[in-house]
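In this document, chain identifiers A, B and C correspond to the written order of the chains, with residue numbering beginning at 1 in each.
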Amino acid sequence: MTLQTIAHSETLIESSQKFNPVRLVDRIFYWVTVAMAIAIGVILLWITWSLLSIAFPAIAKFNIGFLFSTSWNPVQDSFGALPQITGTIVSSIIALLFAVPLGVGVAVFLSENFLPSKLQTPLAFVVELLAAVPSVVYGMWGIFVLVPFILPGLQTIHNLFGWFPLFSTAPSTRQMFATALVLAIMILPTIIAISRDSLLSVSPQLRQGAYGLGATRWETLVQVIVPSALSGIIGSVMLALGRALGETMAAAMLIGNSNRISASLFAPASTISAMIANQFAEASGLQKSSLFYLALVLMVLTLVVNVLAEIIVSKFQQVE
Amino acid sequence: MTTQSDNVLEDIAPGTFDTEVTSGRKNFGKLMTGLVIGCVVVAILPLGSIIFMLLKNGLSRLFQDFPSVFTELPPPPLVDGGGFSNAIVGTLITCLIGALISLPVGILTAIYTIEFGRGNKLSQFVRFCTNVLSGVPSIIAGLFAYGIVVLTMGNFSAIAGGVALSVLMMPIIIRTAEEGLKSIPSEVRQGLVGIGATNFQGVASVILPATLPFIATGATLALARAAGETAPLLFTALFNQFQARSLKEPIATLSVLIYNFAIAPYKNQNELAWAAALVIVALIMTVSVLSRTLTARKVY
Amino acid sequence: MTNPSTRPNPSSATLSEDIVITTENVSIFYGAFQAVRNVYLDIPKNKVVAFIGPSGCGKSTLLRCYNRLNDLIPSARVEGKVTYQNIDLYDPKVDPVEVRRRIGMVFQRPNPFPKSIYENIAFGARVNGYKGDMDELVERSLRGAALWDETKDKLKQSGLALSGGQQQRLCIARTIAIEPEVILMDEPCSALDPISTLRVEDLMHELKQRFTIIIVTHNMQQASRVADYTGFFNAEATEGGSRFGYLVEYDKTESIFNAPKQKATQDYVSGRFG
C-alpha cells in the first residue's frame, strides 16, 4: 500500500523533519487565526485612534472646556458640547424612566405562567423581533404617528402646568419628550429579553421554598424571585442605557437639533449623535474636528456604561 | 434551648398566624397582576401601532405602484411616482461587503479563541474587545470608516459603507461562531488528533462543517442588523440618486432613503419612505425567522 | 508495601520478544500533581497488552502518553523516556502529528465524525496522504473492523446514525485505515452492550496479526480474554493526600491472573480489592 510504504520506510525523525506542505499549511493557519484575534483588538484601538487623530485640533484648542461650553458657532470657530451632552443624558434617562418599569413588568409577565405556553413563546418571539426593527423606522413612526398623537395631550399639560419649568414651553413638533418616548420603545425589547432570561434562570427551588412557606405567587415574586434576578435586570438596564446613549436616527429625526439647553421637555433639544448626523455633511475644518471630539465623548460615555453592564451581568452569571 | 413540649406547634398561642390568606394579601396579588398586564398592554400598543402603520402606509404604496417601486429610481422633489430599485441593490451590496469582511475575520477569531487559545490571555482580551465592540454606537463605526476609507480614497463609497457595517457585524459573528465551536464535543477533537489530522485539517473538514448552522445563524443575524443600520452609512455610503456604477462611488441604501424621504416635506417622498420601511422590515423579519430555523438544524 | 519508585523493570518476561515501545522511568504530571510515577514497561510487537487497575491509577494517562495526546492538555508534562522503534517520542525533533499517524487510537466513547460512514474512513486516509483506491481502502477497513456486511448498503449515511457498537467499530475501521503500527484503545467497550463488546474483542484477536494493541480496561475478564500481556496498576496516596498511580506488576496474562508475584495484584484479580 502507498500509505504503508510512506509511513514505515523512514524513521519518525526523518518524516518529522522532512518538508511537509500539510504541516506548513497548519502552521500558517494557526498564525492567521492569531492574527485575526489580535485584529479585533487592533480594530478597537484603530477606531479610537482615528477618532482621536481627527479630533485632535479641537481637543488642542478647546481642551476640557469643550464639555462645558454652550456655543456652537462655525463662523467664529468656537465650539462647545454642553447642550448635546446634556441632551444625550437627559433623553436616555427619561427613556429609562419609562422603559424600565414597563420592561420589567412585561418580563415578569412573560416569565410566569400567566399565559398558556402556546401564547407565551410567540409573544416572547415578537418582542425579540421588535428589537430588529431599524431605528430609522422607529424615527419615522415617531414623526408621522407618535408626535401627532401625543401633541394635543402635551398641549393640555402645558396649559394646566405651564408654570412648572419642565412643561413651560408650548409643545413643539420636534422635542425632547417625544424623542425620549421613542427611545424608550426602542430599548424596551432589550430590557424585556435580558430581564426575562435572568428571571427564568432563578432556581426553581427558591420558588418552591417560598411557596412551601405559604407565600402567594406575588409575595414570592416581589420578595424572592425579582431580588434574586436583580443583577441581571440591572445589567439589562445598563445595556439598554448604552443603546439609548448611542442611538442616532430616532434622535436626529425627532429632537429638533436646537443648540439651547431648555428646562422644558416640550422644547427642541439635541444629542451628540444627532448633532453629528446633522452637521457632518456640511462641516469642515475645526467644525468637523469638533464633531469627532463629540464622538469621542460619546464613545467614552457608552464604554463606561457598557463595561459597568458587563461587570454586573458577569456577576449575575457567577451567582448562577 | 430545650422545650418542655415535644410538639413545637402546640406552644404557639392561637391567633398568632392567620388561618387563611388575608384579603390584603389577595388584593396585593390582584393589583400586581393587573399592573403587569397593564405593562404588557402599554408595551404592545406602540409596537402594534408600528406594524399596523407599516402595513397600512407601506402596502398601499407598494400595491399602487407595483412593480415600478422595485424597478424605478427615486423621484426628484415634486415629481410623482418613482421607486427605490437602486436602494435595494445598494443595501444588498453594502451588507455583502460588510459580510465579506466580517465573516472571515470573525470566524477565524472564534477558531482561535475556542480551538487554540481557549481561556488564555489573548482569548480573554479578545472577549473583552468583542464586548466593547458590540457596544460601540453605530454612528462611531461610520466615523471610523469615514476616517480610514473615505479620507484615504477621497470620496464616499459603497466600500466605506461596507467597512462601517462590518464593524457592527463582527461581534455578532464572533459570538455565534464561538457558541457553535463550543457545542462540538471534545471527543471529536480527540478523534481527529487520534487519526493524525493536523489542526487545520480537523477544523476545515470536520469542526467547521459541524459549526455551519451556528455560523449561518450568526451571519443572518448580522445581516439583519446591518440591513437596518442608517447612521454608519450617512457619511460613508452617502446616497446616490442613480444606480451606482462602481463600488468606489456613493451608493443608495434603503435605510438612508427612508431617512432622507421621511424628513422631506413632500408627500410622495414620505409615502415612498413608508414603502421602503415595509420592505426592509419584511426583509429583516424573514432573515430573523430564517436564522431560527437554521439553529434548529444542529449537528450535535 | 514495597516502594514502587525504587523497583526497576518489574517484568523480564517480555525481553525475549520484538519490542516496539519502551517506557523507561516515566512519570506524568498535571501541573504540580503527579498522576503516574516511575513506570518501566516494554510493549512487544504484534501482541495485545492490557492495562488494568482501579480507577485513578493512571493507566489511561500512561496510554495517552504513547501517542502524545497529553500534549493537548497545557499543564501536562512527561518525564523519563518513551521510545518507539528506538526513537524518543518526546524528542523535540519529533512531530506529534507524525506520531499519531503511526500510533492510532480508539477512544472510550465512540466518536465518529459528523460525516458519512465512507467519509469517516476516507478522511483519515486522505489527511495522511493516501493516494490509492479509496473505495477499496474503505471496504478493506470496514471488513477489517467486521462492519462491512452491516454497512455496505448505506455507506453514504451519517456515521452518527449507527448504533453505539457499530460506531465504535467504525472508529476502529477509521483507525486501521491509516495503517498505524500500534493501536491504543482506551476502554473501548465501556460504552457498549455485551454483544457489541464480544464483537470488538473478537476483532482484537484478528487485528493483532497486523497491529500491536495496547488496551486500557477496567474489566478483568476482558483483559484475560484478549491480552497476551497484562500490566496491573495501582494508586497510592502521598503524604500530602493526593494520589499517584504506578505499575505494580507486568507479565504474561496467565501469570498475572494465575500466579501473581505481588500481593496487591493477587488481591485485585481475585476481587478482594476495593
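One rule holds for everything that comes next: a contact is a pair of C-beta atoms (placed from the backbone, for glycine too) under 8 Å apart; a residue touches a chain by one contact, two chains touch by 3 or more.
Composition by chain, UniProt nomenclature: A = Phosphate transport system permease protein; B = Phosphate transport system permease protein PstA; C = Phosphate ABC transporter ATP-binding protein.
Please read these numbers as outputs of a predicted model, since none were measured by experiment.
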Chain labels contacting chain A and also chain C: B
Chain whose Cα mean lies nearest the overall Cα mean: B
Remotest chain, chain B as reference, centres from CA atoms: C
Contact-richer chain pair (by C-beta pairs counted) among A-B and B-C: A-B
Chain A-chain C separation of Cα centroids, rounded to whole Å: 54
Chain A and chain B, separation of their C-alpha mean positions in angstrom: 13
Rounded Å distance, chain B centre to chain C centre (Cα mean): 48
Shared interface positions of chain B, touching two or more other chains: 198, 201
Multi-partner residues of chain A (each touching 2 or more other chains): 22-23, 26
Sites on chain C at which at least two other chains make contact: 97-98, 101-102, 127-128, 178
Contacting residues of chain B [partner chain A, same complex]: 21, 25-26, 28-29, 32-33, 35-40, 42-43, 46-47, 49-50, 53-54, 57, 104-105, 108-109, 111-113, 115-117, 122-123, 125-126, 129-133, 135-141, 143-144, 147-148, 167, 170, 174, 198-201, 203, 224-225, 227-231, 234-235, 255, 258-259, 262-263, 270, 273-274, 277, 280-281, 284-285, 288
Touch list for chain C against partner chain A, complex: 84-85, 87, 89, 91, 93-95, 97-99, 101-102, 125, 127-132, 178-181
Complex interface listing, chain A residues touching chain B: 22-23, 25-26, 29-30, 32-34, 36-41, 43-44, 46-47, 50-51, 53-54, 101-103, 105-106, 108-109, 114, 126, 128-130, 132-141, 143-146, 185, 188, 192, 214, 216-219, 221-222, 239, 242, 245-249, 252-253, 273, 276-277, 280-281, 292, 295, 298-299, 302-303, 305-307, 309-310
Sites on chain C touched by chain B in the complex: 67, 69, 72, 97-98, 100-102, 104-107, 109, 111-115, 123-124, 127-128, 171, 174-175, 178
Chain A to chain C touching residues, read off their complex: 1-4, 6-8, 11-13, 15-17, 22-23, 26
